[in-house]
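As written, the chains take the letters A, B, C, D and E, and residue 1 is the first residue of each chain.
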Amino acid sequence: MIREFTSAEVLFIVMAVRWTLILSAIAFLGGALGGLLIALTRTSASKGLRRMAAGFIQVFQGTPLLMQLFLVYFGLAVVGLPINPLLAAAVALTLHASAYLGEIWRGAIEAVPSGQSEAASALSLSYRDRMRHVVLPQALRLAIAPTVGFLVQLIKGTSLASIIGFTELTRAGQIINNATFQPFLVFGTVAALYFILCWPLSLLARHMEARMRRAITR
Amino acid sequence: MYNFNFQPVFENLDLLGYGALLTIRMSLIAMVLGLIVSMLGAVAKTSGIRPLRWLVDVYVEVIRNTPFLIQIFFIFFGLPAVGISMSPDTAAIVALVINVGAYGTEIIRAGIESIPGGQIEAGKALGLSPVQIFRYVVVKPALRNIYPSLTSQFIYLMLTSSVVSVISANDLASAGADLNARTFASFEIYLVLTVMYFLLALGFSTLFAAIRRNFFSYPASR
Amino acid sequence: ADLAAIESAGTVKIGMLVDFPPFGITDMSGNPDGYDADVAKALAESMGVTAQIVPVTGPNRIPYLLSGQVDVLVASLGITAERAEKVDFSNPYAGISIAVYGDSGLDVADKAGLSGQSISVARASTQDTGVTAVAPEGTDIMRFDDDATAVQALMSGQVKLIGASNVVMSQIAAATGDRFNKKFDLSSQVQGVAVAPGSDALLAKINDFVAEAKSDGTLDAIHEKWLGEPLPEFVKNPK
Amino acid sequence: MTEKAIIMRAVNKYYGAFHALKDIDLTVDRGERIVICGPSGSGKSTLIRTINQLEAIESGTIIVDEIELTAGGDNVTKVRQDVGMVFQSFNLFPHMTVLENCVLAPMKSRKVSRTEAEATARQYLERVKIPEQADKYPAQLSGGQQQRVAIARALCMKPRIMLFDEPTSALDPEMVKEVLDTMIDLAREGMTMLCVTHEMEFARAVADRVIFMDKGVIVEENAPDAFFNNPVNERLQNFLGQIA
Amino acid sequence: MTEKAIIMRAVNKYYGAFHALKDIDLTVDRGERIVICGPSGSGKSTLIRTINQLEAIESGTIIVDEIELTAGGDNVTKVRQDVGMVFQSFNLFPHMTVLENCVLAPMKSRKVSRTEAEATARQYLERVKIPEQADKYPAQLSGGQQQRVAIARALCMKPRIMLFDEPTSALDPEMVKEVLDTMIDLAREGMTMLCVTHEMEFARAVADRVIFMDKGVIVEENAPDAFFNNPVNERLQNFLGQIA
């Protein structure tokens, strides 16, 4: 049953990129919403809220994504909340991404000089308006490069969703390798595909970071 | 409804404890070696030597844009083909060092570039050589500036190391997997493993905070 | 799982491996295929429901079942005493014989010869249990996530020995000629369909299916299709 | 309406354990111009920042325009609409043009229409003598121009009181004058002003009263002439000797 | 040994296409004190930074202490050991105590022993009147104290020439005096000094010569009295009007 590593196998692996992209997109969208919430909570005036957000970040940055996926998928089912793999992956990856993006964006919000928020307060703008019109637009500029950088990490992280049954890129590679015993070709192909997905994003992040540095030193 | 039974886990806590020790040891070694690789990488990148910079760029980009899982496969299964054969534990450390070195290079480079030009000029004006300026003026404040990114990268490395069981290297996750293979108490084991990783992460954070207090505690400029 | 619930839902969720050729593979359009897939479909048909096949992995097969993510495992799960404590097995529907294989140049005649050697196995597999049971002190058992990775360790020279099934080894032989040979037999291992404990009605139904498929030649045909020979005797009439 | 723009009574402010304002009493009449000076760290900024509640106080009473601040709640918003503030470091919003900087607060806080807000903004930009910069971004302006935009931005809220915290000390020497001139104009028109500054010429020219702070206490206050020519307090004498 | 501490001949400096120094000729005698002023961007900093080669020049000759700089190579280190520099923003090393800041260069560049370097450092810290701050970190000091440490740090290399680039313009007004006093002391002891500053009192008190730069050119130079009282150049007249 050993198969040759033919174009059909390559195609199989390439098709699996679809899942990698879907999972990444879900994680990123979920993480963006959750992350914004966490970032705002983390920088809010209430000490209790700040603590809660810090705890959330600590838990989800302090445990392997692999375990998070496992516990969400099997754990919820065990306690009587059966959950389908896509939803489980969405939940776990969203929690994971929320913690990381929340931390990145908190940094960006805090990097906006406090004088900006003070000036807005002195102009009698409400918290909402201050955030919406003054702080967040400036934080966004600072955050965009590290956010794109994190997206790369997220894309690679979706490979772990294979443990709950997704035939995404890494898993497809393993399956083909198990049939062909050609690790170099198979994992070379897989690595190349990840590189093609991630490298442009890395370049973009670096480009934006450099542009921002120039803007700041100007 | 599933019946939780932590008995098998607690009976084998010594096994998991030993696994945790292995994870700590592996992570520490990888952090120290990774820091050295990162420093060399960052110096090479900020140096004027073009081919060197180019080489480091390729290294950094390839590693940062491919999953660790794939990297470790290559090192363990691929390198023997060119005559480099390592035990799983060594291969795991090598893979971790190579991986964290790439991220660390970028982080430390940013740290070096964060040092105000005035500091370097002051060093020059005092007649210090470039090497002396790097050694005495740049390194410490640079590390301090990027200390949070560097240490969270280290903790990320520790968490990432949970996948080294794929090449049968010994660590906390593989201790859990072995226990799982014997007892099939999967949820209980994963739950305990997750808690243990969390405690390890907390432990490392505490360690890093202590290092910061002791070595980077000079007052920040106002 | 509850038989009545499955029947009223009209689908049965069946977990199977997709990285364990020829028992579980994916075809070129990405659908599960192989011996287990054919058995799974036949099982569903006999129950009068449609099969929803869920790909599972070796180490996570049992969690899938116990957490209710699948109703049934047709996942090349070898029947062992430890597993039987966690799940309920049907009568055997397939089987493999497992043995220690290794470099042709290496002289290992029996379990005592394992001492001082590195041997790879798939973690939590029947081979793992088998090798672990016989290995003397000083054997370095290296556990990988699946057979393919264990084989990879052998092919790349990281280990000289492997605990594997005849099926896997015949595939390797096809690719590598006489580089490796069999050292000694470990055991033959029968595989059962597994259900969560307390699914007695479902298990009875499955056992009916297995008995009928053995007698009417269904399993022979499927075995012939994937492994080139009829169902072996040790599966048909287990001790 | 009383004659008092600001009344502070027994105001105390702490930063953690540090006692930054000690029993401050201060009353400011409508239309009065007050200059505050004192050594670094003496609490000048803290004092004026309590007036629009950028710093909360621990005890005492502050009444701004008949609104009691210590009562908390919605009053803060009303007071801030009435009190304009200009900072040492301008604090213009860098991602908005000059005009956008000026219309944001009137539109969002006072709910003025865009047309009206823009008309007001252009009028004040005219007043600070930079109408032609309306569509530029802050980074494209010199420091002096930026500070004048900051003044215009505050004026667009039509405040009845203006606070200035060292508005010229981040400026190149050549640009100080253009900003001071703008402030003198404003003073002449009768705006109630509290101004932390070391520009003693400015104090002499427009202040009704000069206040000297040290270590969180108002040590001396007087009309400019008396303040500069016959300082009573020894620390003030010292201070005047140093900055002259 | 000649009487000339610094000789600059036909020095030109470009930043890309921008011509920052245009044919500068300047000779400084040993022990001479020179103040340089001029509008922002006129090239003052660039000029003094070419003297210790923080900026390389495109053409011309600079001879410092009989060492020709344009020849390149090892001379740079020797010149830098002989020329101390004090920056506007202090540039103390934040991770070292005051004492460590002062001993670093003597030990590493001049290879002096630690004991000797520390003795020298304490002596100069005494001179700038902050011996008690030796074990503090820069961030724990006021701006004026930091700048005095920076002066002491430069002096610890026993330079024969000192360059100052607006040493007081980042300071709070009250701290300007303590730094200027230190500089005046130094001047009285006969140190060769080039000082970019707008502190005209200082210029009057100690300068032998005041130089006015504009757009990369030395426009006027004269003894302080003549410079301030009878400025010839129109731009200088303007400039003096603005900063007074």
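Here is the rule we go by: a contact is a pair of C-beta atoms (placed from the backbone, for glycine too) under 8 Å apart; a residue touches a chain by one contact, two chains touch by 3 or more.
Note that the structure is predicted; figures quoted are calculated from it, not measured.
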Contacts common to subunit A and subunit C (chain labels): B
Most remote chain, CA-based centroid, reference being subunit E: C
By count of C-beta pairs in contact, the leading pair of chains: A-B
Rounded Å distance between subunit A and subunit B, as computed from the means of their C-alpha atoms: 20
Gap in Å, rounded to a whole number, between the CA centres of subunit D and subunit C: 80
CA centroid of subunit A to CA centroid of subunit E, Å: 52
Subunit A-subunit D separation of Cα centroids, rounded to whole Å: 45
In subunit E, residues with contacts to at least two other chains: none
Residue list for subunit B, restricted to those that touch at least two other chains: 2, 77-78, 81, 186-187
Residues of subunit C whose C-beta touches two or more other chains: 60, 63, 66-67, 152, 156
Touching pairs - complete list by chain label: A-B, A-C, A-D, B-C, B-E, D-E
For the subunit C and subunit B complex, residues of the former touching the latter: 59-60, 62-63, 66-67, 82-83, 85-86, 120, 123-124, 128, 142-145, 149, 152-153, 156-158
Subunit B residues within the subunit E interface of the complex: 116, 118-119, 121-122, 124-129, 132, 136-137, 140-141, 144, 216, 218-222
Residue ranges of subunit D in contact with subunit A within the complex: 52, 54, 77, 80-81, 83-85, 87, 89, 91-95, 104-105, 108-110, 139, 153-154, 157
Subunit C-facing residues of subunit B, complex: 2, 76-78, 80-81, 85, 88, 165-168, 174, 177-178, 180-184, 186-187
Subunit E-facing residues of subunit D, complex: 39-40, 172-174, 177, 198, 239, 242-243
